[in-house]
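Labels run A, B, C and D following the written order; every chain starts at residue 1.
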């Protein structure tokens, strides 16, 4: 079986869906961050494949940017996580409901 | 072997980067100053930031002149696009930032202002927004967006209260999700068209006569979700009240203005060509989204007990109101968007500054939140001037003439009328009436209730001369807006029209 | 002459304003004197004008513009012509006398000054009413007398019954006034003017239906002021006012305004004889109807009031049948003797400490000889015995009905003449003859002040001579303006039979009244508990019916309108909309539960909804485009 | 100065109000009276300068405001607006002069002066947006007056007042924007100038919709049934001064706007909607009169009576002939004077007894004779007795509408009956009978300050009832030009038939005047 663009895109879509489900279901902040990384990486796969398909480097460039941004996101996110953990001792997001209404 | 790449500096047009670079240089120089001498007073950082922003603004205005003479300027491999929208957007971003930065000069000490990093981040964020508006390349938009957002998360968290962290985490997580949406949407567009520049995407789609309409719509759905988050459209708005509540009033006010205008400009670039190409689906969706956002947030604002949360919902509603301009998509409506936002900026600056001024360090006994309505009861008796100022901003937000926002409001509604959206115009008008209720609620508290004994000495403790000046500027801008409307209208129309919107 | 016109008109106003200056101060007889004096001045000016008019001139002045908008133009214009001068004389004579009389009558009243202010204001309004040269000016007077009537009926405002009667009178008159206004509207839109001369010149150019409607509406207006059925109940209740007021307003002048209107508008009614007949029929009905109520009533003033009502009926018969000058003549004669009767009744009331039930009086002729003579004289005149005024005016109306061949009306009027004689002398007999029943209530009557009696004397003289002396010159004068129709029964035998027969019938009625009531009063329980007696005694239950049918339902309906409709429907709807919006907010804002997970879920839900819509749209779109291909 | 007298008249009170912040609170009242008196005399001077024989606009001023969008500051007056402006300045003056409020007088006076600016502005504005600005702005001082100095339910009442009228006027705003858009379509330029708009002849279909949009705004302000329920609350809770100004001036904005906007802009729609509106007007007249009759609180009686009288005004306006419209405008002034005076009178007794329930009174005529007299005069004026100011207006309004429909005029005429019923009943309850309550036995009669306000009103009531010409003539002249304009613009046969052609060459054409 030849692996076509469609397969990559399906993979990308499936990964994205997994990411989405993770985002919705995870209560652990760290896992939640993972899920968002999966989202971005799903996109990366898509971009890489499409760039190859179009024979155009722009997509790959986009993917690189996404990787960079994902990395900085992780940096900021983990920073927040650490502070939060220091203050509360937990990384469960159900306790984060002091503001509502 | 690879061909030698021959790029002349002139064609690079590095000058187009100047505005953002100024902001970035400003940020770096603040960090350098700190390295050279620690423990400097925050006023220094504020002034340095202001200086750099002033430069920034000057350069942007200079671009404005060039634009009016020669049309849009491209630069950096066409990554940077200095058209009318970009220039208007940057003016609002930079000028807005300049008005908000001095809010750091409070009389109470808030520790984040002692960090030079705060100001550096602030300037980075501004650069990010500038990148975002000054391009039609999806990568650049993405990078700008994320630069700004990540800086903003950090700024919120720097306030160092548990609510701020909570707000930052919420904002961050949702922001990450939205980033995913944006990336995925861009990917689909890229898949269909092979381009990541909006105008190229548009021309490819037009050439195909929207053959892959289904994929386009899926892509648009993702992008709508992403910008729905940024512009806090219902149901992507849920972060707004919490983040506003968790951050300082100064930052909340800032968030209600500057990031939104950046978002609007991108939304204009992204969606208007689709609306114009007769994508009925998008028209319907935008219509519904506009109406729901305006109405629902107004209704929710009514039941708030905290002024800042109320203002958060109010700014959601205003965003929905302005989103209508994108739906209408005429030159008049796009002009109205900028006019509205400029006037809204002044008014919200005033309103949030008043909150900021009345911020105390700790909650008083019996006080449910930082800016509970009760806190303001009878303000006219204890501090008449403050009450009148706050009342003025509330009236302006409610769209009572002749205060600032009224002129924006009629221009937006007029554009709806002339764009053929009669019912929408009516809904927008009636929503103003809904909104009047909650603005009035604060006025009722301030002007018609008795003051709570013992509270008054805690009011206005955060006031300093600079804050008062800012309030004064906002008030003058709000009251005498009518004088500014005509020149603003002329200039904005010129910029918008010449950019082809 | 204009100066006399203005003096006649404004002297009462001056008197009123002068008295009003002292309105809140304690009693000063100056007010009474000045007001009376000014009225006398007005009277003298009227006499001068009368002479002038008798000589065949008229005076017409336009004082100033009143209302002018677009084509509409109404000035304050006044006319003294043959008709209005008669009214002016009647009004000024009676009111001067009543004013002087009142100085004595109101002697002990706290509101003495106020009283004269109101009374003179009334005369002023009445003067406007009769002198105006247009319908709207007449309407000013019309409403003005209504106002003064309200003030004077309710003069003793601490009495619930008085204030109630005042309001009743005002409101009931307002109902009629509406019709009058509509009549005025019709005149204006059809003719373009409200000036009498223009209207009467043009009226014959209008189609008969329109004229008919105008006539009907104006007459309904007249019905209110002249208390014709069914708007009559206020007049009897109006007797709550001080007696001079009853004499002046509710006997001599204001209530006759309706007759005056019909007489004045004779060119209109002349075109529509059918309406005239209807008016006459209603008049005859009221004459009889009121007389029957007077038969059994036990309130001295109410008896006289019903008598007034009955006589107004006579006047309308004459006016309706086109005998305008007869109507006006009876109006004049009636004013004299009825005012006299009332003032006499006032003396009696004073003597009896405001007791009104004649059954509690009796034998007063001993202590109040002059009053007795005056009232008997007035009653004789009212009964229409030759040669007193009533004979000439009232029997003339009978003749009119006969000549015009309305025999039913004639019969009714004849019977009513008998009834009139009966109730009049029933009253006289009960008050002045028989036992002194009042003694057991500890009342010791005394005659009124001499000057009051002197004041009444001119009225007595007029009641006697008005018919004999005035008839011919009056006829000659007014027929210059009014249709000159002589009503003579041509057959001499018939004439004499009629005249003498009527006289005998009336005398018999008087005799019966004396027989029944002059000696001892026997209460016939069987009769009094009978249906007819009760019917009459309760005024045909009409006040009660009005109360049940109009007053109470209106009050209830008003309550419903406020409490049920206004508060519970109209207002509740508005608040309901607001509440629904607010509640929606309260219910749904919990969607913002602060939990990050659900916030993320909302975002994903939003995305999924968008995607679903996108796919649905695409499928639909493709289906449509496929079919198009 | 004469060219700018209107601008002076509008902004002088506002400027004075700003300076008023500095005035010491003990002297605030004197300051307020001074300013209001100056303003009043300025308005009298305006009257003196006004040429009553000219039917068109006078003292026009024009300055660009937002030129790009066709918004100009245009003010000007004709006979219709002149007297309402004078009424507004007059009532502000006597309102402040007779002020009995002791709480935060300075704030109240500053607020009143701002209110005065907005009132004068509304009636002088000839640009729709300027009109709208003043129209909306007038809500705020009134909101504050009711909300801060009112009774126990004051917040509810004031917010209801504000939101209700605000909602209505937003719909009106959309209508105005549509009007401007149509003008833009027709001429290629934006304009909100009323006189420019007069030149537009719109298709019936548009007229109907626009009429409806304007109607919502105006009807709530008037207030017309069924939009009237804010009024009883506002009056019930407002302090005396608030009620006086509300009844005397603010309500007139609605009916004035009908004459200024609805009729000349949409003549065909006016004819189309004539009978529906007349029906509403009649409901207002009869139904609210009944509601007034059922009231227990004397102030509510007067409040509902206002609605009832406004019904007559609306009816007269929609008579669409000179008699009716002139009458309705005259009645606006008349009703302003009379209802203002009645509210002042209610205020007098409220100050003494701190209650407005009629059952608490009774027999006041003997305790307070002067008060009873003044109340009596005003009551009689209110029921429309001839030779009082109200009669002229009511008569002309009904006369005018009679031309359009006999039946409607007849039913509407019941105003004089039902009006008498509730007024006389209320008067009887308060003033007649014996004094039953101990507290009432020693009430003081009206004092000099109160007389200062009330006597001029009584004098005006009778003076203009006897001699309305000085104000009726200019009104009539100006109305003629509006009626002629309507006739010239009318397209439907029905409208051409119903709106009279005056054919008077003297009548200046408002359409041409715009140039």
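Assorted remarks:
Note that contacts are C-beta pairs under 8 Å (C-beta built on N, C-alpha and C of every residue); 3 or more make two chains touch, one makes a residue touch a chain.
As the structure is a computational prediction, the values presented were derived from the model and not from experiment.
Compare each chain's C-alpha centroid with the centroid of every protein C-alpha atom shown, and the nearest one belongs to D. Rounded to a whole number, the gap between the C-alpha centres of chain B and chain C is 77 angstrom.
Rounded to a whole number, the gap between the C-alpha centres of chain B and chain D is 43 angstrom. Chain centres here are Cα averages; for chain A and chain D they lie 65 Å apart. Centre-to-centre, using mean CA coordinates, chain A is 26 Å away from chain B. Residues of chain C in contact with two or more other chains: 589, 592, 594, 596, 600, 604. Residues of chain A in contact with at least two other chains: 23, 32, 93, 96, 98-101. For chain B, residues that reach two or more other chains under the stated contact definition are 169-170, 173, 177, 241-242, 303-304.
Every pair of chains meeting the contact definition is listed here: A-B, A-C, B-C, B-D, C-D. For chain A in complex with chain C, the touching residues are 20, 23-27, 32, 93-94, 96-101. Remark: chain C residues 23-24, 64-72, 136, 139-140, 143-144, 147, 150, 154, 157-158, 160, 163-164, 166-167, 170-171, 174-175, 177-178, 181-182, 184-186, 188-189, 554-555, 557-559, 561-563, 565-566, 570-571, 573-574, 578 touch chain D in the complex. By the touch criterion stated above, chain D contacts chain B in their complex at residues 64-69, 104, 107, 129, 132-133, 136-137, 139-140, 143-144, 147-148, 154-155, 158-159, 162-163, 166-167, 170-171, 173-174, 177-178, 180-181, 184. Listing the residues of chain A that touch chain B in their complex gives 9, 12, 16, 19, 23, 29, 32-33, 36, 39-40, 42-43, 46-47, 50-51, 53-54, 56, 58-59, 61-62, 65-66, 69, 72-73, 76-77, 79-81, 83-84, 87-88, 93, 96, 98-101. Residue ranges of chain D in contact with chain C, taken from their complex: 160, 163-164, 225-226, 228-230, 287, 290-291, 293-295, 321-323, 326-327, 330, 363, 365-366, 369-370, 373, 380, 383, 385-387, 391-392, 395-396, 398-399, 402-403, 406, 409-410, 413-414, 416-417, 420-421, 424-425, 428, 431-434, 466-469, 472-473, 475-476, 479-480, 483, 502.
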